[in-house]
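Alright, structures below, take your time with them.
Consider the two complexes below, in which chain A is the common component and chain B and chain C are the respective partners.
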Partner chain A sequence: MIPELGHIILITFLVVSFVGGFLPLASVYFNNQTLDIPIKRLTFFLFFLIFSSFLILVYSFLVDDFSVAYVAQNSNINLPFYYKFAATWGAHEGSLLLWILAMNAWLFSFMYLAKSPDKNFMKVVFSISCQVMFAFALFTLLTSNPFERILPIPPLNGSDLNPSLQDIAFTVHPPLLYFGYSGLLIPFAIAVSAMLFNTNTKEWAAYSRPWTLLSCAFLTLGIALGSWWAYYELGWGGWWFWDPVENAAFVPWLLSVALFHSLIASESRGVFGKWSILLSIFAFATSLLGTFLVRSGILTSVHAFALDPERGVFILGILGFFVIGSLLIYSLKDFTSNEVKAYELSSKEFGFLLNNLLLVILAVSILFGTIFPLIYEAITDGKQISVGAPYFEIILFPFALALGLLQGMALYLSWGVTASFNFLQRLTLESISLFSLVLLVLFILFDNLYLSSFATIFLACWIMVGTLQISKKRNLSYWNFLKKRMAVTFAHLGMGILVLGVGVVTSYSLEKELILAPGDEFNFGDQTIKFKSLEDTQGPNYFSKLANINFEDKEDIKNVITEKRTYIPSGQLTTEAGIITEPFQDLYISMGDNLEADIWSFKVQIKPFIRWIWLGALLIAIGSMLSGIKRIQRS
Partner chain B sequence: MNPIRKQRLYALVAILIGSLLATWLVVSALSQNMNLFYSPTDIKAAEVDEMTLIRAGGMVKQDSIIKDTGSLNVTFTVTDYNNELEIRYEGILPDLFAENAGVVVRGNLQKDGTFKAIEVLAKHDENYMPPEVAKLINEEKE
Partner chain C sequence: MKKLIDILPLFTFIILIGVLFSFLSNKNNQLETVLIDDTFPQFSLSSLKDSSETLTQYDIKKLPALINIWATWCIACRIEHPFLMKLKEESVLPIYGLNYKDNREKALELLERDGDPFEFSIYDFEGRLAIDLGVYGAPETFFIDSNGVIRERHVGVVDEDVWKKKFAKYLDE
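Presenting the complex of A and B:
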């Protein structure tokens, strides 16, 4: 009975969100008090409904209710309880429920925390959000109902959660990503509302900015965790594959970064009003498009979701409705732009304009490469192609270079016109000093300098120096100055660290595939790899071959274990990489194939500075979160 | 010039330059990195020279996987149930690589008619197959 209860609650949610989707709108439009409903309380009610529904699904997982088809497909009696919990979002149906829950959580926070703008403004934001949630709930109920039952005879055991998802990073990666994606709903709803009421640019930009920052922070964390998970769980040691699903998250991330930068200018100077509105619409649209690409399965991807073209069409319908609808409002509604202060080429405004231009063109180019196989298939009548990773790297490099150069200078620009570019001299000098220092450290650590990494490393130094350098204009001590702009310091410094990590790991990585029998040794870089022993072990729902490996150098012997697991219900193999993390490098080994008896192949890698990539991403997320929270508190 | 118009001009010029550069980049990058997909049957029919990097795929034929013991060389046959293609690869195969499962390989066709793979992709679970392979198999069934 309990799953039915969840189903009924979800249907109730659908009905209530439908009512919420048009009643407040109607009351604003007809200026009719009798149509008024208490939107704050309704938000709470909606949240309560979706949360209960979600909890019931979690409960079904925890008690192994295999009469629920979704549970039977994604869980198993022997699955540890924390993975049963996480299995709730292990596949499509539960992910959608979590997604709606996330949208609701955002709306809930907005309704209760936002500086209460005009009451009517709030009503429209509420209604737009309800419409989107209604569409998602309808989609869930019609095509992907998580509460569907296998009756009258339920299976005795479930077919298990995909083994590569049985992992700690996976338990948090999807929720963070969904919170990031769905957070873009709030800026979208605010943008539509701002169009309808012809709200002053400075005013609505101030409403929107903290929420854009927060969803960007969640997206950053979600993407970084996904990258980290792929790195150690898939056993290839790669951290970014330009997989369509990764791109589907990267594109909204780029647009959300563009959006909150544009909103800074909009809030402070009243410029880029229309542009910020368009960007809000498209950031939200790409987050829906991401869902479509992932869930319809029309692109080859490492992410294995059960696929259904019908779902693709439905999501495309939702996407079309909201994008075309909001663009229609944009083109029909005569909202005159506010009085704008002029700016010069050297101004901060122009800096933001360039930043947005670069980010948006980059996002479009990546999106184009991601969906190009579909376009090609359509125009050539079924010929299939794929666009390789080099495409994205070729595209990314010049844009990243330009963006990084701009970022280093960005904090010295002034509104209207920048009086002097004297800072450039010091910036260049200090960047070169830091650059030389980094090269020296790299040479000491790895006995080698790669010309190919110079541009990226210099860029990283440029960004870091540009972030940390003291501006002489202010009468503040250095620390007070940094404290005052802590958020941007964190975020920009994080970007510098990330770029440094990328630059070093791309050029300095070592990789080798070897064949070893127990007792064998192999010299790799400055390390000697010793295959000490091979053991058989067993886990709760798998058995595994376990290789005991030593990495030895002059100073130290480090022991690590790599495993080849066979999961019992599905028979699927997974590799657990053995990783030794040092401040400047990761030593990485993963088991390959069993060639004969105890002889195995191994893939061994040295990954310098790889942790810096995720550290950088973490700082970016902290920075945007600090800024977002500060702005919410201020109001 | 009116400052507002001047500032529009700046924006316009920036957008124009940016878009032109991006278009040029996209077109040149795409033409180098577009890998066509061939089924074993397509390969029989088409003229593919050994310089061109392509992707091929199908189902891994039962009992066709031969692993060398002293090295990482492996050969296997993929089939679309019409024609077959022998694949040679040196390296560690992905965990999800198995007989009777879909696989996509990237590499070059050799003069002797075999395929030298530089990458083997078998990123799927039992419910999922690379769309290219799924499509192939559906076409065969019809």
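Presenting the complex of A and C:
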């Protein structure tokens, strides 16, 4: 009965969101008070409905109700309870429900926290959001109902959650990512309302900015956690693979970053109004497009979702309806009354324009690279190719370089016109000093310098110096400055740290395939790797071969364990990498194949500075979150 | 001129949607046509019952036949199982099993308990043959005619209905 209750609640949600999707719109359009409904209370009601429905699905997982097909496919009696909980969003159906929940949470926060003086504006934002949620709910109910039952004979046990998803990072990675994607609904709805009401650019940009920043923060965290998860769980030791699903998250991230930068200029100076609207639409569109690419099965990826072309048509329909609709309004709209254009090439406005241009070029190229295999397959009649890291890296490098150079200078630019570029001299000098210092440290740590990494490392220094030394220009102490401009400092500094991590890890990494039997030793860099012993163990739902490894150098002996697990319900194998984290490097070992008896292949890697990548991402997320929260409080 | 730029995003996006839609319909056809009218792929895998016995495509001797992809972790396979048993009991046609990414002991236990509808089952732990067949998941069923050519493919549970609509006609040929 309980799953049916969840189903009924979801249907109720569908109906209520449908009503919410057009009644407030109609009341604004006809200026009719009788059509008025209390949108704040309705938001709360919608949230209550979707939350209950979600909780019921969680409950079905926790009590092992295998008569629910989704539970049977993604859980198992022996699964630890916290993974049962996380399995709720372990596959397509449940993650859609979570997505709707997330959209609702955003709408809820927006309705209660944002204070727009204009009631009608809020009504339209509410209606548009309801329409999107309605479409998602309809999609869920028609093609991917998580409450579908296997009756009359339910299976006795479930087929288990995909073992590589049974992991701590995974339990939080998808919710963060979905919150990031779905948060882009709010800027989208605001942009459409702004077009309909012909709202002043400064005004609507101020509504939109905090929510864009917050979704960007969630996207950053989600992507970084995904990257971290791939690093230690997939056993390859890489941190970014240019997998279609990663790209599908990266593209909206790039656009949301472009958007909130463009919104700064829109809010402060009333410029780029049209551009910000367009970006809001496309940021939202790419977040849906990503979903489409991943779940329709037209692209293959490590993220296995059940493939169903019918779902693809539906998502494409949703995407088409909302994006074509909003672009239609855009193309019919006359923006001339609302445009301000008064800035010089040397201005901060122009800096934002360049930043946006570069980010959008990056986004478009990555999107193109992601769907190019499909285009190729279509024109060559079925030949398959894959676009790999080389393409993306070639594209990324020049634009990222330009972006970084711009970022280092950006904070020194002034609105309208920048009086003097004297700061450049000092910035260059100080960056070179920091650069030399970093190289010295690298040389001491690794006895080696790689020319190939110089550009990236210099860029990192440039960004960091540019971010921190701005305090001097303002004649403030570091501390006072940091207090005032904490958000932007964190975010920009985070970018510098991330770039530094990338620069070092791509040039200084070592890796080697080894074949070892227990007792064997191997010299690798300044480390001696010792395969001490091999044991058999068992977990709640897997058995495992466990290799005990020592990394020994002159000073000290570090012990680490790497595992090959066989999950019992599905028979699927996973590798648990053994990682020793030091401030400047990770020692990484993962078990490969069992060659004969006790002889195994291993992959060892030394990954210097890899943690700095995620540390940087974390700072970026904290920075944008701080900025978003500050702006909500202020309003 | 100014207006043209305003319409450009809309125009671009409509083209993108159109292109994606055409990919999607392509994909739909592909699912149906993969390996259809092709001979059964070569393989060399162990038998489920006896890990030392190697099976190849030449062991699929009794034709026409069904190849059924199954696993113990596949819930839908259990729903399908009684129907396969019925086909066997009524000697409609021989069925060969492809045990897919499964645990050997568990799979044998299941056949012991619920009955074994298969002439034999190929044990495909790594899913090699399944990749060659373009298998999406379990259950999936292929019809092979008397010349060893794959004629039909069904993704999902085979029951009375599916049998009549998709497979029975080939047996009459």
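In this text, the second predicted complex is superposed on the first by the 624 of 635 C-alpha atoms of A that agree within 3 Å, B and C clash if a C-alpha of one lies under 4 Å from a C-alpha of the other, contacts with A are read in each partner's own complex, and residues count from 1 in each chain.
Note that in this section a residue touches a chain if its C-beta (ideal position, glycine included) is under 8 Å from a C-beta of that chain, and two chains touch if they have at least 3 such contacts.
Being a predicted model, the structure only gives us computed values, none of them experimental.
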| item | value |
| --- | --- |
| Superposed partners chain B and chain C on chain A - clash or fit | clash |
| Partner chain(s) touched by A:30 [first = chain B, second = chain C, both, neither] | neither |
| Partner chain in contact with A:572 - chain B first, chain C second, else both or neither | both |
| First, second, both or neither for A:357, with chain B first and chain C second | first |
| Touching partner for A:292 - first (chain B), second (chain C), both, neither | second |
| Touching partner for A:321 - first (chain B), second (chain C), both, neither | neither |
| Which of chain B and chain C A:421 touches, first, second, both or neither | neither |
| Chain B versus chain C as contact partner of A:593, first or second or both or neither | first |
| In the superposition, chain B vs chain C on chain A residues touched | B |
| Which of chain B and chain C A:398 touches, first, second, both or neither | first |
| Superposition clash, chain C versus chain B, among 5-13, 41-49 or 113-121 | 41-49 |
| Footprint overlap on chain A, where chain B in one structure and chain C in the other make contact | 297-298, 306-307, 570, 572 |
| Residue numbers on chain B that touch chain A, as the complex places them | 3-4, 6-7, 10-11, 14-15, 18-19, 21-22, 25-26, 28-30, 32-37, 55, 67, 69-72, 91-93, 95-96, 104, 106, 121, 123-128, 130-132, 135 |
| Contact set on chain C toward chain A in their complex | 3, 6-7, 9-10, 13-14, 17, 19-24, 26-28, 31, 73-75, 78-79, 101-103, 106, 125, 136-137 |
| Residue ranges of chain A touching chain B (in the complex, touch as defined) | 162, 235, 297-302, 304-307, 340, 342-345, 349-350, 353-354, 357-358, 361-362, 364-365, 368-369, 372, 376, 383-391, 394-395, 398, 513, 515, 564, 570, 572-575, 592-593, 595-596, 599, 601, 603 |
| Sites on chain A touched by chain C in the complex | 66, 69, 72-73, 150, 153, 155, 158-160, 278, 281-282, 285, 292, 296-298, 306-307, 309, 312-313, 316, 319-320, 323-324, 327-328, 330-331, 333, 371, 374-375, 377-378, 568-572 |
